[in-house]
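Each of the next two complexes has chain A plus one more chain, namely chain B in the first and chain C in the second.
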Partner chain A sequence: MRVGEPPGRIVVAALSKTFAGGIRAVDNLSFTVEPGSVTGFLGPNGAGKTTTLRMILGLVRPTSGTATVGGRRYVALPNPLRHVGACLEASSFYPGRTARNHLRVYCAHAGLPGKRAAEVLELVGLSAAGRRRVKGFSLGMRQRLALATAMLGDPPVLIMDEPTNGLDPEGIRWLRGFLRELAGQGRTILVSSHLLAEVQQTVDRVVILSAGRCVRQGSMAELAGGRGPTTLVRTPQVDALMAVLTSRGVGLTRVDATAVRIDGLPVPDIGHAAFEAGCEIHEMRADQADLERVFFELTSQPPSQPHVGPTYGQPPYQPPYQPPYQGPGQGGPW
Partner chain B sequence: MVRAVAAEFVKLFTTRVWAWLVGVVVLLAAGITGIAAVNVSTGDGPPAEVLLVLLIVLGPVAFVVSAVVGITALTGEFRHQTATSTFLAEPRRPVVVAAKLLVYLIFGALLGAVFVGVMLLVGFPIMHSRSITGDVGHPAYHLARIVVGAIGAIALFAPFGVGFGALVRNQPTAITISAVYLVAAENIMLAFRSGRAIYPYTPGGAAKSMIIPHDRIHEVFDVSGVHMLGGLGGTITLAVWALGLSILGSVVAVSRDVS
Partner chain C sequence: MSGLIRAEFRKVLTTKLWWGMLLGSMALAALGVIGQIASNGTSGNDTPGLDTTQTQQSVFSSAGAAGIFIMIVGIIGITTEYRHFTSRPTFLIEPRRGRVIVAKLLVFAVVGIVYSLVCVAEAIAIAVPWLSLKNVSVGWESKQIIAVLALTALGVAIYALVGVGIGVLIHNQIAAVIGSLAYFLVIENLISIIPGVKVIHKFLPGATANAITDLGHYNHDLLRWWQGAILLIAWGLFFAVLGWVLTVRSDVP
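Right, the complex of A and B next:
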């Protein structure tokens, strides 16, 4: 144990896992999750998210490297349920047990009074179903029960693997609010997803994984900043606009016959250029697909290529200087 | 460890499985003993003797039930994917196995007490009413010895099942192997010279020496070439089986990745 490590800090250092059969699911992965933040753990399916989270939680043995919570390996935590709450995929409930009795099992494990079961059921809005057997539960109810289990020990750290899977839009909205509230209480939250859009409204920071490697970590602003602002402009005179912008060295991509996507140029400058070129503007907006595109580009590179992301111990990736973007959309939800 | 044991008790008593098991054991014991008690004659010996023979012949059925309880306790965690939650709550996996050994030893003793108790409650009154009485030539302590030995043997088969389940991890496989082994394989073993040499140290052989009073072993279970252990030896042997399988299972199988 490292002395003086904050109880909520998760440190993953040079973690690797090679499964039987030679599949390298996680490859020399390093990142840190600071207390009091919500960190999105992102990557396409098969990137190694679940394997990493299970290694942090002592369920999967790393081939090499370490993962610690508050400076200790999970197995060395005294009474881990009071330290870390976890909601994992492929974790299940005994079908014949009621929700309340399921929670009582883990109350016993954590040395908590049985009445704590009723409290967490209330917390996740499942009080009415407490005496029902789990086999009749919907997927959404199971997710809530898993969350209730994670919250039993009132842990400072919460680790969740794709918690929005199986939730309806109402459930997802509820979960977002719930996670924000928990983060507001100063808890550390690490939440995985294969969809950036699912978590971008909730998370402060992201760790992006591709083929078992970290390709980017940093704040949401840094993630967007890596590319600068992107603006979508719709005009009948798209060729004229593209010509004038290209002559100034502005990066752009044609979207269709009447639209162009412009990288890096502040909106007033685009407006001025369009005015000079005599273009009639039908639409001009911050490109919402931008972050999703960053995410896609980061994670779709073939694993054999050298990856550009920072590695453990190095400063976060700094993109080439881009003028700060002040345009619309930046005050958005993330 | 105390918390893990408490959690195992909560697990056991918050599903209906335990009640079903007790029900099955009651029916089994009552059925077998009832049929036997109606059919025996005075020549078959006093009731204690009838009980002893019944336990020797049909004891393995109770052993299998008890072993299956232990097997299910462990393999069920993997079958229903509750192993993830269990190991999150207690990441030291040998502690989980140890807690199950203790809890299922106690529950196995409960099943054993029910099994033997029902045999006594059903068998003795029926035989009495048919004037099959008396304990001629059989000191009273034999009955107590048989009862305690049988309960102990049935009790130990539950932790034996925990250990076997820990090693095999796959529920249907573990149940099938243990049932076939206890009911058939050990008897087949007696047909071979080398089988007879190791029989006293098998789980079933050890259980038999727990049930049969040692001074009567040649009368009741006389297979040449088999040198049965004493009651204490049998108890230790069966306990070593349970512990040995648990330790082996913890090292080899339970420690594997849960994903």
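Right, the complex of A and C next:
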């Protein structure tokens, strides 16, 4: 973002959408996306992610609530291409038109010089394919072309719906680097995914959606820290260790016949408990890469009900976060 | 708005559709000219001779065959956006969707004028040498022929508006193309022969289009040329406005 431009903050306030037939796709959703960060917009298929993004972009009309970019509704933005870049599903191309001509159409539309088409093709690594018709493109190339289209106006805000779909591992790695670079330039990036693992290394913050509602928003560190440290312990005497910890009210989950996952208890305390119980320890390590489980638990149940999962002895999630757990490799600026 | 219009022109010119349909228009126009000149005076054909203004007007207005083609081009120009979901980037760049529709109406009218001028030139290129071979002089001096050529171009341009209007109303490309062809080539002709309802025929789109080139009002089942022109424009705008109200404002798929 260039100096002096208004902040590209996205504000979604009490947004709801009920489709014909009474399906409530988005239900009183509120969240904020700040400039200079990559925000992951997460949730399982059908959680309402795409509908929300389309409401932000003015393609779908909200039933109630508002969504603004830089303080304005999308439809009120002058020359929106220069303000917000959007990548929806990578299928919005006329198959018989070349990539370059596809871009040149929108250059003309937004009053940009035609050479901008070549620049964005270069930016996404599609220069060699610019004069080919889009119908011969792989899904990964279409994703790149969609990204090129979004970048035409050099926008301070980028909104992407499942951009990793169809990308190979190399493409996903490239996209990560690309998004980090853009966020480093101070742009606002909102990227949806149904897989936390896919965006885990890219995003600073997450907004997690389930059944049209926001079940969690915060930094990655907060997402992990909401549960406190988690430790995986492997021991032949699992039952004895679980008995002693359960009697102290510690939350735990049996992983298999010789392993248990323990929530919220510092490692020295676990070691002490194991020593007292006479358990032989084969492995004990911080299980900090377990965000996928947090994500799954958050999104696999109605958010209004108390937690009832495949674990026992574990307290339900309490909204006031515990102090963020700053494990290595998580949180902090990337 | 000027950027929008340039973008719409680029959309037309960066696909193969426009010249494929132009070739189709030219083929049909040529067929009309050749058919009328060749069949004139043969047994069973009671149209007035080639030296009459009425027949010469009819020969030259064969260029109006481009109308049905530009209508299809107009329909496809809108429906292809919905079919290939380019409606998303289009409406993302211009969230005021009505302006997109207006730009398309203007651009396809211009494309229609280009089509009609090409077909008019073609009709002249075929008919004038052929008639002079038959020692028939073309009545340029009456200005009637010139007027008919101009009105033919006008009629074709208005057909483009009708096409865009139909596309705005019916987003399904196949349904819109097949439906409008069936209407103009079959259904309206049926209406014109059914007793009781045939009184409304002259107000229908196909009949109003035919009226535009009937400068001498030789066919009394049609409106006057200017009435036809106004009514056909109204039909195109009616479809577009109806489509706007019913579908364009709603959520983009």
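Note that the second predicted complex is superposed on the first by the 288 of 334 C-alpha atoms of A that agree within 3 Å, B and C clash if a C-alpha of one lies under 4 Å from a C-alpha of the other, contacts with A are read in each partner's own complex, and residues count from 1 in each chain.
Note that in this section a residue touches a chain if its C-beta (ideal position, glycine included) is under 8 Å from a C-beta of that chain, and two chains touch if they have at least 3 such contacts.
Predicted, not measured: the structure shown is a model, and the values here were computed from it.
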item	value
Overlay on chain A: chain C relative to chain B, clash or fit	clash
First, second, both or neither for A:A197, with chain B first and chain C second	neither
Which of chain B and chain C A:L139 touches, first, second, both or neither	neither
Chain B versus chain C as contact partner of A:V105, first or second or both or neither	both
Touched partner set for A:G96, first chain B, second chain C, both or neither	both
Chain B versus chain C as contact partner of A:T50, first or second or both or neither	first
Which superposed partner A:A221 touches (first chain B, second chain C, both, neither)	neither
Common interface positions of chain A, toward chain B and toward chain C	54, 57-61, 74-75, 77, 80-81, 84, 86, 88, 91-98, 101, 104-106, 108-111, 149
Chain C-touching residues of chain A, taken from the complex the two chains share	54, 57-61, 74-75, 77, 80-81, 84, 86, 88-89, 91-98, 101, 104-106, 108-111, 149
Chain A - residues contacting chain B, complex	50-51, 54, 57-61, 74-75, 77, 80-81, 84, 86, 88, 90-98, 101-102, 104-111, 149
Residues on chain B engaged by chain A in the complex (per definition of touch)	3-4, 6-7, 9-11, 14-17, 76, 80-82, 84-92, 255, 257-259
Parts of chain C lying in touch with chain A, wherever the complex brings them together	3-4, 6-7, 9-11, 14-16, 80, 84-96, 250-252
